[in-house]
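The data blocks that follow each hold one structure.
The following pair of complexes shares a single chain, chain A, combined with chain B in the former and chain C in the latter.
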Partner chain A sequence: MPSWPTNPKYISGDTRRIDGPEKVSGRARYSSDIQADGWLYGMILRSKWPAAQITSINLEPALKIPGIKAAITVQDGERMVRFYGEELAAVAGTTKQACLDALLAIEVVAKPSPLFVVNETEGKAPDAPKVWENASNVDASSPREQGNVDTAFGECAAVIEGFYTTPVQLHNPMETHGSTASWTDNGLTSWASTQGISSVRDGLAGALKLDHSQVRDITEYMGGGFGSKFGPGVHGVLAARLSQAAKAPVRLMLTRFDEALAVGNRPSSFQKIKLGALADGTLHAFEFDNYGTAGIGAGAATGGGGSGVVLPAPYIYKAPNTRVTQASVAINAGPACAFRAPSHPPASFGMESAMDDLAAKLGMDPLELRLKNDSNEVRQREYKLGAERFGWAAKYKKPGSSPGIVKTGVGCAGAAWGAGGPSRRTQGEAQINPDGSIEFRLGVQDLGTGTRTVIAVVAAEMLGLKPDQITVKVGDTNYPPGPGSGGSTTCASISPTVYDICTKALDQLQTQSGITDARGDNWFAACKKLGVSPLVVNGNWIEGLSTKPAYGVQFAEVDVDTETGLVTVKKVVAVHDCGLIVDKLTTESQINGGVIMGLGYALYEERVMDDLSGVVLNPNFETYKLSGIADVPDIDVILVNMPERGVIGIGEPATVPTAAALGNAVANAIGVRVGSLPITPAKVLAALGKVPPVEKT
Partner chain B sequence: MKAFQYATALTTDSARELVADNGMYIAGGNDLLGLLKDYLVTDPKILVNIKSLPGMSQIEPGDKMWTIGALVTVADLEHDAGIAKVFPGIHDAAMEIASQQIRNVATVGGNLAQHSRCWYFRHRDIQCLKKGGDMCYAREGENRYHCLFTGNTCISPVVSSLGTTFAALDATAIVLRDGKEKRMNMAEVYHLAWENPLAHNSLRPGDMIVRVEIPTARSRSVYMQVSDKHTFDWALVSCAAAAEVTDGMLSQPRVALGSISPVPHQVEAANNFLDGKSLDDATVSAAADMILKDAKPLEHNAYKAPMAHALICRTLLQLKGNA
Partner chain C sequence: MKKPEPEKFGAHSRRTFLKSLGTVAATAATAQVESVAAELEQANAEKVIGPNAVPVTLKVNGKFLKLMLEPRVTLLDALRNYSSLTGAKEGCDRASCGACTVMLDDLPIYSCQKLAIEAQGHEITTIEGLAQNGKLTNVQQAFVDKDALMCGYCTPGFVMSVTALLKKNPSPTTDDVKHACAGNLCRCGTQPRILEAALAAAGVAVNRTTKTEVIDYA
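Let's look at the complex of A and B:
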């Protein structure tokens, strides 16, 4: 069996991003930077109605606008639209303004329907307007039962009932969704901002009836993806069709407005939880009734997986008696798709809130209640490490006992991420040149998390070179195929693949050169003996160097101003494992990012829709609020390195427990639960009973 | 946005002439460009750049009164040591406005004249009352950021932090109207928005704010706001207070609140009540009750009342404290 080096020089060390200088100097070409020869702007016309029958779309007036080179409809003939922002048509032109003018000029004849619903609580009512003509809005699973819940609650020493809700969270990567597409007689080239270059190629080939060999995607650098950038998307296919029609490359990057409507999102949840424990704190009975919305459906435009409403319950805990009922409610809103750790942050928020409420009722320290009921050994270890670093024993006080107007509170929560394992189909190649230079080529992509650096670190370790001596090429479907970057799988896929390439490369180099150990000091001498022909070696993912899953726990400390309701996060301690840590710096960076994203979910982010008009009211960063630097606390990352487990991904678990830990810290500070995310000043004041009831006019 | 002409004016007279019946002035442009891009203003045929107008970019100290030119940037206000000393409330208000990049170009005149931030008004596909439509969507809709007070059907609040602070300092805006200087206090600057849903202030087309005069009669001033986030976020409620304080006793006190009314919210009865008072918890709370007495909360904005109450108490107590 292969194994990782036991005393590594670079693996588990602090290697700076090898592409850092490219990025900070602006030399790195992101998808939105691509300027193909003769390129045009592309833009999409969207439905102004949440529900309508489209009778006709007249593109002629758009084509008369100076500079417009192509205009197409998304689909011919009559059709229905089911949410505000659904794509209707697209134009390509020489300037942005020409495209904007063209969008205004297109004549859409539509019969808007007053029968729509954009609120999931209203959408599940029997008399609600139907989103799909031939289906109920409510897709309910039959209750899942184990033991005897009703009897078991009677046996409990403490029982709590709570209602915990989470909003629809929007995808807002720094680089919006989109691509440049160039369709010529030689085929189609796409430069997409994507998490899966292969899925873009295959999706475009399928949609446009081209051979896979005629389609190429190139994604050198892209500005972030959290589950919504798989496949070409509606926008990617439109870019390609516009390019075909205009006979020129078309860059179609979505605007921030577009991003709020149709690229996918995290479903909402409305979790009714009843939880009971025996006197010693052992969980005994659990009842869960949850509904939420994935808009008109899940994954419609994006091809992402795991985007449903159904949550794992009772999340990371076990109870002998459980009843779980869940329902997905269709509404006239953009569809859901995968979103960093699909279903886990809401599941964690509901269950971990209930755990703290139960601890309060039992008069127990919530950390003790977790240690009592969490059978996972890794988390047990992480809770102890984290509690010590955080100073839990000294900081934890009974809920609401913090004195003064600004109250301090602490909370914690745990994570599980069942994926994070490898894609076994991962392949790659290396070209070793007689001058000793070496280039790795893998058909994966870098979301900004450090894919190139991971490849360089593993290669440097295996070959006895330095990371900056390794050239890494990723983000091109002409390279040997790799997986999409979702499910936290990239690191566990490419690390063993690079290991395999290096092992084979050394074997061949040593055979050809006659040098018995070609590593390190002997490298250049061995390469020189190759003569004039570079050595090209292929490798693939191999067993034994990667596993799954990952765990993690987080602790949070907050200040809550009980007169204004403002929550200030003072400290987060994040304890995470991901097996063998390949590069500490980029791992910590992933965890910082996960915590900051979780903080936004906890305190600021929420898609707001208007019942009357059916529009998204906050399609911008002014009112769709994201954590800013002044909102971010000191984040203390503790990595638990477990080389014996092999490589595991970390992207997703890092964001799972943050909102739950923060919510618990707020409840601990003020002595009452704010059960609804985001925890805004308005909701804090309401929970404290300071908001007078409003008389209905 | 739609096409327009662009010209730079070198005198106020030529600016007025260029802007004619169908133009608009542009200085920092933060608000105007957003409105133009979303097709929210009546299409101006010409934008007249007023940034080169002479004498409008200075902060001029004085014994009885300071003058702040309309082209002074918010960043200038924030960094001016004299302002921080004489009008700490202005300094604090300036610091809370938007982001550093925006403060660098945003002007005092533009901050005062900025349009509604109501998310229905700002939405490109909603034709609300403020845009000449037939209903206010926010009244029965998503009104968490809206008014506790209004004199008409529109519930979009004034969001100018400087307007709120200037109101507390009893400042006067000097507006050039038809070649003459018209003096308007902050209540007058915004009054039309109180009664007319189509208005967001009392300025007429072609009016230009040229400077603001601030009396030094109140040596203490405070500004505070609460937002969802810690920086670069609009106030949910803002509050400014100013007064002279002698031996712990207030004279000429003024309190004004932003983001809860189409105008800076001021209650003269409360100002009178505070005059001559020495502040303690009970007094400031009684003043806050008076100021918020006729609030009419809607479904989602009732939290603003306790938040405003807390801010009034805090600003007043700090007024007493910051000698």
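Let's look at the complex of A and C:
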């Protein structure tokens, strides 16, 4: 069995991001920076109705606008639209303004329907307008039951009932979705802002009836995805079709407004939880009734659930008697898609809130209740490490006992992430030149996690070189195929692959050079013996160097101003494990990022729909709030190193427990539960009985 | 916070304000209304440019950039789409994300909110103009050293905001950095390390930092 070096020089160290200099100097070319020869702007016309029958679309007036080179419809003939923002047509032209003018000129004849619903609670009513004509809005899984729940609650020493809700969250990567597409007689080239270059190539080939070999995607740099940038998307296919029609490359980047409408989101959840424990705190009975929406991607017509509506329950805990009922509800809104740890942050928020409420009822320390009921040994250890660093024993006070106007509270919560695991089909190659230079080529991509750096660190370790001696090429479907970057799988997929390439390269170098160990000091001498032909070595993912799952726990301390309702996060301690840490510096950044995204989920972020018009009311950064630099607390990271487990990803577990820990800290501060994310000042004041409750419509 | 100096405050007293107003009012009264209107019309007619493309000269990173632009083209658009300076990024095109931040003279501005024609006659510095002969500036190097970037799309904007801050205030406090970066958004979550990088670049002792620790499980 292969194994990782035991006394590594670079692995688990602090290697600076090797593409950092490119990124801080503006030299890195992102998808939206591509300037192909003779490129045109592309833009999309979207439905302004949440539900309508489209009778006809006349593109002629758009084509008469000076500078417009192509105009196409998404679909010919009559069709239905089911959400505000659904794509209808697209134009390509020489300037932005020409395209904007052209979108206004397109004549759409539509029969808008007054029968639509953008609210999941209304959408699940039997008489609600149907999103899909011949199917119920509700896809309800049959209740899952074990033990005897009704009897078991009678046996409990304490029982709590709570209602915990989480909003639809938008990905809002800083670079919007989009691509440049260039369709020539030689085939189609796409420069997509994507986290899955292969999925873009395959998706474009499928949609446009091209051979895979005729389509290439190049994504050198891209500006974030968080789960929303797999496949070409409707916009990617439109860019390609516009390029074909205009006979020129087309850059079609979505606007920030578009981002809120049609390129995915995290589903909402409305969790009714009843939880009971025996006198010693052992969980005994659990009842869970949850519904949520994935927009048009929910309900009976679509099978629902795939985008994270159905939650793992009772999340990381076990109870002998459980009843779980869940439903995905279709509404007239853009479909959900994968979003950093799909279904875990809402599941964590619901269950971990219930745990704290139960602890309060039992008169127990909530950390103690967790240690009592969490059977996972790694998390047990992490709770103890975190509690010590955080100073839990000194900081924890009974809920609501903090004095004064600004009250302090603390909370904690746990995470699990096992959905991913490495991709066994990962391949790669290295070209070793006689001058000793070496280039790795893998058909993966870097969505900001540090993919190139991971490859360089592993290669440097294996070959006895320095990371900056390794040239890394990723983001091109012409390279050997790699996985999409989702499920926290990239690091665990590419590290063993690079290991394999290096092992094979050293073997071959030994054969060809006669030097027994070509590593380190012997490297250049061995390479020189290659003569004039570079050595190209292929490798693939191998067993024994990577695994899953990952765990993690977080502790949070907040101040809550009981006069303004404002929550200020003072401190987060994040304790995480990811097996063998490949690069510590970039791993810590991933954890910071997870915590900060979780903070936004807890306090600021929510897509707001207008019930009457069906539009998204906050499709911009002024009204869809992200955490700013002043909102970010001190974050202490503790990495639990487990090299014996091999490489595991970290991007997703790091964002799972933050909102739950913060919610618990708020409840601990003020002595009442704000069960609805985001925890806005209005909701805090309502919970304190200082204003009439906020009506959730 | 520094208190306003009373004497300076006094300089803008009600009396001096009325006095200066009076001068303007008197000038207006003595001139004939029609001639003023005509003069204004003529002056404005000379200033109307466009709607078609007009020559625009921008001084970017010390070099003159001669472009033909419609007057409605923003500085960001001119840099990214009419030249090859794509370092400034478009994240929102409406002054809320800061990815497009450049320096106009020494002031950090949202280039998506400035028309290119308005930026003429100013020294424009973009992210591409910081490193000289391939050598990163202290700020850029600190961003790399502290890993103050992930996907890197917001990074040029943050680097420009921090660079402008340090020009004005070489020894900033934590709050100064937060204030200077309040107009920049990052979705990956690099904020703690941007704070560290900014202070490190300034050589200011970091009194607020994320503590990290590796503990072996076995």
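Convention: the second predicted complex is superposed on the first by the 680 of 697 C-alpha atoms of A that agree within 3 Å, B and C clash if a C-alpha of one lies under 4 Å from a C-alpha of the other, contacts with A are read in each partner's own complex, and residues count from 1 in each chain.
Keep this in mind: a residue touches a chain if its C-beta (ideal position, glycine included) is under 8 Å from a C-beta of that chain, and two chains touch if they have at least 3 such contacts.
What you see is a predicted model, and the numbers here were worked out from it, not measured in a lab.
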* Asked: Who does A:17 touch here: chain B (first), chain C (second), both, or neither?
  -> second
* Asked: Where does A:565 make contact in the superposed view: on chain B (first), on chain C (second), on both, or on neither?
  -> first
* To do: Could you figure out whether chain B or chain C reaches more residues of chain A?
  => C
* Asked: When the two structures are overlaid on chain A, which partner does A:612 contact: first (chain B), second (chain C), both, or neither?
  -> first
* Asked: Given the touch rule stated above, what does A:226 touch, chain B (first), chain C (second), both, or neither?
  -> second
* Partner chain(s) touched by A:628 [first = chain B, second = chain C, both, neither] -> both
* Asked: Can A:667 be said to touch chain B (first), chain C (second), both, or neither?
  -> neither
* To do: Would you please give the residues of chain A that touch chain B in one complex and also touch chain C in the other complex?
  => 97, 622, 627-630
* Which chain C residues qualify as touching chain A in the complex? -> 70, 72, 77, 80-81, 84-94, 96-97, 99, 126-128, 130-131, 136, 140, 143-145, 147, 149-156, 159, 177-179, 181-182, 184-195, 208-218
* To do: Going by the contact rule at the top, pick out the chain B residues touching chain A in the complex.
  => 1, 117, 119-120, 123-126, 137, 140-142, 144-145, 226, 228-234, 236, 297-300, 302-303, 305-307, 310-311, 314
* Structure fact -> chain C partner, complex, touching residues on chain A are 12, 16-17, 19-30, 32-33, 35, 95-97, 172-176, 221-224, 226, 253, 255-256, 378, 381, 385, 389, 447-450, 577, 581, 584-586, 588-590, 592-597, 620-622, 626-630, 632, 634-644
* Sort out for me which residues of chain A touch chain B in the complex. => 48, 84, 97, 100, 257, 563-566, 568, 603-604, 608, 610-613, 615, 617-618, 622-623, 625, 627-631, 680-682, 685-686, 690-694
